[in-house]
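Should a chain be cited, it is by its letter among A, B, C, D, E, F, G, H, I, J, K and L, assigned in written order, with residues numbered from 1 in that chain.
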Amino acid sequence: MSDHHTYKKLELVGSSKTSIEDAIHNAIAQCGKSVKNMDWFEVVETRGHIVDGAVGHFQVTLKIGFRLEKS
Amino acid sequence: MSDHHTYKKLELVGSSKTSIEDAIHNAIAQCGKSVKNMDWFEVVETRGHIVDGAVGHFQVTLKIGFRLEKS
Amino acid sequence: MSDHHTYKKLELVGSSKTSIEDAIHNAIAQCGKSVKNMDWFEVVETRGHIVDGAVGHFQVTLKIGFRLEKS
Amino acid sequence: MSDHHTYKKLELVGSSKTSIEDAIHNAIAQCGKSVKNMDWFEVVETRGHIVDGAVGHFQVTLKIGFRLEKS
Amino acid sequence: MSDHHTYKKLELVGSSKTSIEDAIHNAIAQCGKSVKNMDWFEVVETRGHIVDGAVGHFQVTLKIGFRLEKS
Amino acid sequence: MSDHHTYKKLELVGSSKTSIEDAIHNAIAQCGKSVKNMDWFEVVETRGHIVDGAVGHFQVTLKIGFRLEKS
Amino acid sequence: MSDHHTYKKLELVGSSKTSIEDAIHNAIAQCGKSVKNMDWFEVVETRGHIVDGAVGHFQVTLKIGFRLEKS
Amino acid sequence: MSDHHTYKKLELVGSSKTSIEDAIHNAIAQCGKSVKNMDWFEVVETRGHIVDGAVGHFQVTLKIGFRLEKS
Amino acid sequence: MSDHHTYKKLELVGSSKTSIEDAIHNAIAQCGKSVKNMDWFEVVETRGHIVDGAVGHFQVTLKIGFRLEKS
Amino acid sequence: MSDHHTYKKLELVGSSKTSIEDAIHNAIAQCGKSVKNMDWFEVVETRGHIVDGAVGHFQVTLKIGFRLEKS
Amino acid sequence: MSDHHTYKKLELVGSSKTSIEDAIHNAIAQCGKSVKNMDWFEVVETRGHIVDGAVGHFQVTLKIGFRLEKS
Amino acid sequence: MSDHHTYKKLELVGSSKTSIEDAIHNAIAQCGKSVKNMDWFEVVETRGHIVDGAVGHFQVTLKIGFRLEKS
């Protein structure tokens, strides 16, 4: 059995009308539809657009790391 | 009619006793008193001061972008 | 009486299952057990690990500044 | 209907013998062959190689963001 | 007569359908409508949005420095 | 009474023939002619130009934070 | 025949019990199972976890660039 | 039982005449004399001094994270 | 005799009403009350607060490196 | 025959009244008067000065890498 | 007559027992012994070594830009 | 006798088929052919090219500092 793993990182932008945490949740949920073995995330940038003088959406760029399966 | 826009970015620090999102809301609300056409924000730094061993205020530095009117 | 202060900064990682703010609170509370005169904090990095396709813990790296006592 | 979107960012390097803009165009055109809903790009790095004492190719690293379809 | 000057820097985002240089020109032209004594610019970020699989606009964030008049 | 403040940051370049500290003083003095409630500054960059093989002026870029009045 | 190429960059984390170089080798070997025309790598971050007071694994984040085939 | 942990990070510089990995090992070994529950390290900087035209020591700055005991 | 040393870095903020150099001196003097074998310092950030439209204190964040004793 | 090369990087600032690409060409052409075996360039910064409310010159800082001859 | 200039930047470390400004002066004076047409400098890093618990020397890394002569 | 030194830093890229350390050694050895009084090095970037799915060369960009002789 191998004694090491390799991971891949994807960069996604999650958005939410309510909170930074919710934007993170949304990005991870969407990513999980096509990726298995998600292991950690790193927030890269937090921004958002403004609509009618208030936050429209929080937009959180994050990297998601997941373990690659050995073929 | 012109086919491009120019935007200006201001740097503000919003604060809140309760959350990072609320500090962002406060900065945007204050900015909106003197600026029209606010379009997006970017979080630059998150910090705060500590009072009696607990968070006193969250202080979020953000840049706010708004579209300049053509004169 | 001296007219200046010196501060020290410690780097901690707080974690929380619920929010970024709560992870900050936890780190400050833990730090306060051994440090007096905490004055401010700066968020350095926000990340977390993922368990079963959802956020397991938010992990927030922050620096905490406190005033050194004059001996 | 959902009230938020998730985006993915890919990192590409476009090249061109003539200009930085053309290198950006080439990367986006190539990316569009396999990706739908491209929305924005960010220039990460501009470099190039030199041949016989002159620019051989401009090489522009850019991130391309596109909206993920809801499955 | 004073032997020193003070400068102020504004952050703008110029855009153009054709080139990075043109986006810079547009931002400087717009800035010049309200600011005198512009002296230099620094490119902070180059990005753009994509429309129908091609560059819609180049968006160049730049800082513009100008000399403050002595009152 | 409100329990939070919002601050704005301006970016200036002060200059001085004698010292870095004096360049900072000059920028703050100039800024104070049009801004009230200045609260802190952050040095962003230190540079200068050279005349006849010696420092002509120190040029210090700094951000100045001031509290916005509630209207 | 076209006179330019486009490249794509993937971000991977290789790990190894023995050395930084071996972690790089492992990431490239794993990447090569699904990607052709790998051309260069860039080390982004070097870290590791500690087990029983000693290095458990070196973990090297690297970007791997490869040439996209023209379709 | 608590559902979260807090970690502290220390910054050390390990050195070695032979390799980068050995400098990391030396810093961790020295840190382990006074710290328990070491969990991970992050390489911050790699440098060294040169003696007689060859590497005298590799000097690796790393941050070491360890779990704080609940008191 | 061992052929290598390990160093630790602490992060302090020194302050002074008069100069950046004096703020550095104050931080080192305070650090020296509890730390032996101080070897070098690195300036991380220079800022200050403003009182009545003038510099109140220069605040210089620096890292101080010192050699760890072999136990 | 040796199986490796060493490269040196020089930092230059090219300028042009017309375009960023032309400023890069000018810097490389000037560098080529004294350096052989130029191999690649990296753009480090793009700025310029403003004359009469318009771009006077684009100023592009770039690093130029060239292969050192084995003596 | 040509309508543009090319500049070269050198990286030096000046040192001084007394001040940061003096370290800058020393580096520029030394550079001027072999370089003509020095035009500007940029401070890259400020550090120093500590002797007997006090600053031994301030060490300031700066880049010095000078205009290349047309041959 | 003078009480201070000035240093110059050169930026080189060393390469090696076997290890990062060897690439550093090669760059220092090459630099030493034309430079005296080399004192320290700083690793700036680690990358490499890939040949047939494996590391062809490690390429390490480093800055080498050396003391300037007083003329």
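Keep this in mind: contacts are C-beta pairs under 8 Å (C-beta built on N, C-alpha and C of every residue); 3 or more make two chains touch, one makes a residue touch a chain.
Everything quoted here is computed from the prediction, not taken from an experiment.
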Going from chain F to chain H via touching chains takes a minimum number of steps equal to 2
Among F-I, D-E or K-L, the pair repeating the A-G interface (over half the contact pairs identical) is K-L
Through what angle, to the nearest 5 degrees, does chain K rotate to match chain L on its C-alpha atoms?
-> 120
Max Cα-centre separation from chain F goes to chain G
Looking at chain D with chain E, do both copies bring the same residues to the contact (over half shared) or different ones?
-> different
Intercentroid distance (Cα basis), chain J paired with chain E, Å | 23
Let me have the rounded angstrom distance from the C-alpha centre of chain C over to the C-alpha centre of chain G, please.
-> 33
Between chain E and chain L, centroid-to-centroid distance (C-alpha), Å = 38
Touching two or more other chains, which residues of chain A qualify?
-> 11, 19-20
Which chains are in touch, pair by pair?
-> A-B, A-C, A-D, A-G, B-C, B-E, B-F, C-H, C-I, D-E, D-G, D-J, E-F, E-J, F-I, F-K, G-H, G-L, H-I, H-L, I-K, J-K, J-L, K-L
Which positions of chain H touch chain G when the two form their complex?
-> 19-21, 24-25, 28-29, 32, 38-43, 64
Which part of chain I faces chain F closely enough to touch in the complex?
-> 18-20, 45-50, 53-55, 58
Chain J residues within the chain L interface of the complex = 3-9, 11, 63, 65, 68, 71
How about chain D: which of its residues touch chain G in the complex?
-> 10-17, 23, 26-27, 30-31, 33, 57, 61
